[in-house]
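After this come two complexes, each holding chain A, first together with chain B and then together with chain C.
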Partner chain A sequence: MTEQEIVTIINDALVEEFELDADEMQPELSIYDDLGLDSLDTVDMVIVLEGAFKFKIREEAEIKEIRTLGDIHAFVQRKLEVEAKN
Partner chain B sequence: MNSEQIKIIAMNLWVYGLLLLLTIVGILVTPTAGLYFFLRYGWQTPRIIRHIIWLYGKGWLLIIRPFVHFQRQGLTDDQVPENCIFVINHLSFFDTYFMGALPQSDITFAVRSWPFKMFWYRLFMQLANYLEVEDLSWEQTLAKGNMVLKQGGAVLFFPEGHRSRTGKMQRFYSGAFHLAVQSGCPIVPLCITGTDELLPPGRRYVKPAKVRLKILPVVDVANYQQEGGHRQLRKDVKASMVAELERMLSNTEHESR
Partner chain C sequence: MPLNDSSTQLIAHRVVVTGMGAISPFGPSVAELDQGLRAGESGVRYCEEMRDVHGLRSLVAAKVVGVEPKRIARKHRRSMSNMSIYAALAAQEALTQAAIDGDQCRSGRLGVALGSTVGSTEVSQSFFEDYLRDHSLERMKTTLFFQLMNHSCAANVAQTYEINGRILAPSAACATGSQAIGYGYEMIVAGHQQMMLCGGADELHPLTTATFDVMHAASTGHNETPQLTPRPFDRHRDGMVCGEGSGVVVLESLESAQERGVEILAEVIGFATLSDSTSIANPNASVMAECMRQALVSAGIEAADVDYVNAHATATAQGDIAESQAIAEVFGANVPVSSLKGHLGHTMAASGALESIATIGMMRQGTLVPTLHLDEVDPLCADLDYVQQPRQKNIQIALKNNFALGGVNTSLILRRYTCD
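And now, the complex of A and B:
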């Protein structure tokens, strides 16, 4: 899966789940201040990402550090790389 | 000045004048009324204040009667469970005032921080134990909400979070649906129309309107207990509300023809 494909899957999943505007999905945007997600939404976001990529990430401490859409892209990218190595 | 403008001026003098009077009288009689409710029913302060707020809503419905054609539709009083989670679309500051038309008074509102800034309401909202969702963490909000439901009351959420500025329903936040799945209490969706004619966001004066509040069928949450079930519950409830709002708006259009 290419980096762009990963970004597209993430963005599409978040747009669908949180009824976001697909044109606004820029990596530098804060998921809280710009996309309007709240702390409960991050729980849903984890479920959505787990469903989209068929991995388990809910126990990952790094999730708490996610602030921007770009952070999600990078986190998933890293996670998929680790999964591929294992 | 035409007759429409005169009517609007008269309405604003009437509505805001009497609302001010009702608020002052309400504040003054609350201690006596509270003592009465305590002695009569043994209610504690939050329950008493929630009942007084509900009566205030009833007063509002009387005040606006000359200018606002209000109708409650859908479930009858005996079909609405006391112990439930209401979710309602949000069009206007005055949406909450119409909750005086609901059959029960023990309703805890989940609200953002800004209504607490109105000093004349703040103490009442604090005493009523309203859920201030912006200042509490979601864990605290859910814990407080669960407590209210365990005591037999109802919690009311505006799942859109903000008033709609387009009339179109916005995205739903998950809090109400998490609480429903956690507590096992049913969701009762409410659809309101016409309050955006009465007082939309950004306007300060009220205008005559037809307001409809419809109580939709109760949604049992037993089928949503699987992991992530709150998400499906949120989507299903929203879809039913969107469809109902379309029907209500289309009916209102037919009525005005």
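And now, the complex of A and C:
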């Protein structure tokens, strides 16, 4: 899976779940201030990502550090790379 | 005005209606509800998806039309099932009519009394279909509980409009909407709140119909002719038809409404609710009559003062007979009586509120809406003045009945408001 394919899957999943504007999914956007998510949404975001990529991430400490859409892209990228190596 | 003057218990406040909102099988507004009733339309349709439920014989229902859920922001809608969406949209219409703005919602003067029969069956079914595959909670969303909890409608409406007063979520099946209005009325009478957003909501699920079908109380003979059922008080009625929707009213103390300078649509002058402990399912005419008598006492009026009775009458074999006997016992044969179930089906927890709203419309317009499909009165029903055609009538006082499974009876008394 290419980096762009991963970004597309993430963005599509978030757009659908949180009714976001697909044209405005820029990586520098804050998921809280710009995309309008809150603590309930971020829990559900993990479930959505787990469903989209068929992995388990809810116990990953890094999730708490996510602030921007780009952080999500990078986190998922790293997670998939680790899983591929294992 | 103090937020809470319950310390001055001796003051009994008059309570008026200043806003109304409706999501019904006729559309998402009070105007469409009113128009559908006046045109003698039926909201009942054949429902193909109900065929998927093995053993379900009644395949007709009155579903809402024209609802636009996205009028509610996702932040609030995410914790709502359909019933809360209906309630929130009806509440929006009622608040707008009553000219209650955000500051007033947040003032603590406004409370919410809004209920449903159960939490969302559809959401519950969807969750358990997934959960029972592997008993895993890993796919469980955070907003599930908020759609299942018994006070889902009340809480979601309060959250959406930032209402900070009291929250009450009565759940008394078919009497829920009336109880909500009645309890809201009593809260204002006692001075605990100046304004209450009151009503009920329910969403249709085939299992709702199944509940009545298994008790042989659902209409099963009109799957090919849905526009001819249900038939309250009619000799050829064959049971009730389930519906959905929401009715919400703004109740307010008279002094609050006058202070705010808003239009007063009607006055609530009495309410009674009681438990019929003779049976959890079967109606009892004498207990129904007692409820109506208690409502009259509550309002300080005589039976002869009532100009119209809006009956619960769902078109079940026993219920209509019992209610007709109870009305005859209290009022004799001369008070005009009609039921709106022929038009709307039984909108469950919404019915008391939607039918109260419709009754207020009749009072304001001076026209009685007849019982749809009442072609030949059942000779087993008591001798009453059944309204079978639209009728011009000066209605000063109306009584609204609702009787629920579980043995919960309610009677509300509404008065046309005049500046006196």
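By our rule, the second predicted complex is superposed on the first by the 86 of 86 C-alpha atoms of A that agree within 3 Å, B and C clash if a C-alpha of one lies under 4 Å from a C-alpha of the other, contacts with A are read in each partner's own complex, and residues count from 1 in each chain.
One rule holds for everything that comes next: a contact is a pair of C-beta atoms (placed from the backbone, for glycine too) under 8 Å apart; a residue touches a chain by one contact, two chains touch by 3 or more.
Values in this document were obtained by computation on a predicted structure and should not be read as measured data.
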{"item": "Touched partner set for A:Leu40, first chain B, second chain C, both or neither", "value": "both"}
{"item": "Touching partner for A:Glu19 - first (chain B), second (chain C), both, neither", "value": "both"}
{"item": "Touching partner for A:Ala61 - first (chain B), second (chain C), both, neither", "value": "neither"}
{"item": "Touched partner set for A:Ala84, first chain B, second chain C, both or neither", "value": "neither"}
{"item": "Common interface residues of chain A - those touching chain B in one complex and chain C in the other", "value": "18-19, 36, 38, 40-41, 43-44, 47"}
{"item": "In the complex, chain C residues that touch chain A", "value": "74-75, 78, 138-143"}
{"item": "Residue ranges of chain A in contact with chain C within the complex", "value": "18-19, 36, 38, 40-41, 43-44, 47, 50-51, 56, 58"}
{"item": "Chain A-touching residues of chain B, taken from the complex the two chains share", "value": "137-138, 161, 170-175, 178, 227-228, 231"}
{"item": "Residues of chain A defined as touching chain B within the complex", "value": "17-20, 36, 38-41, 43-44, 47"}
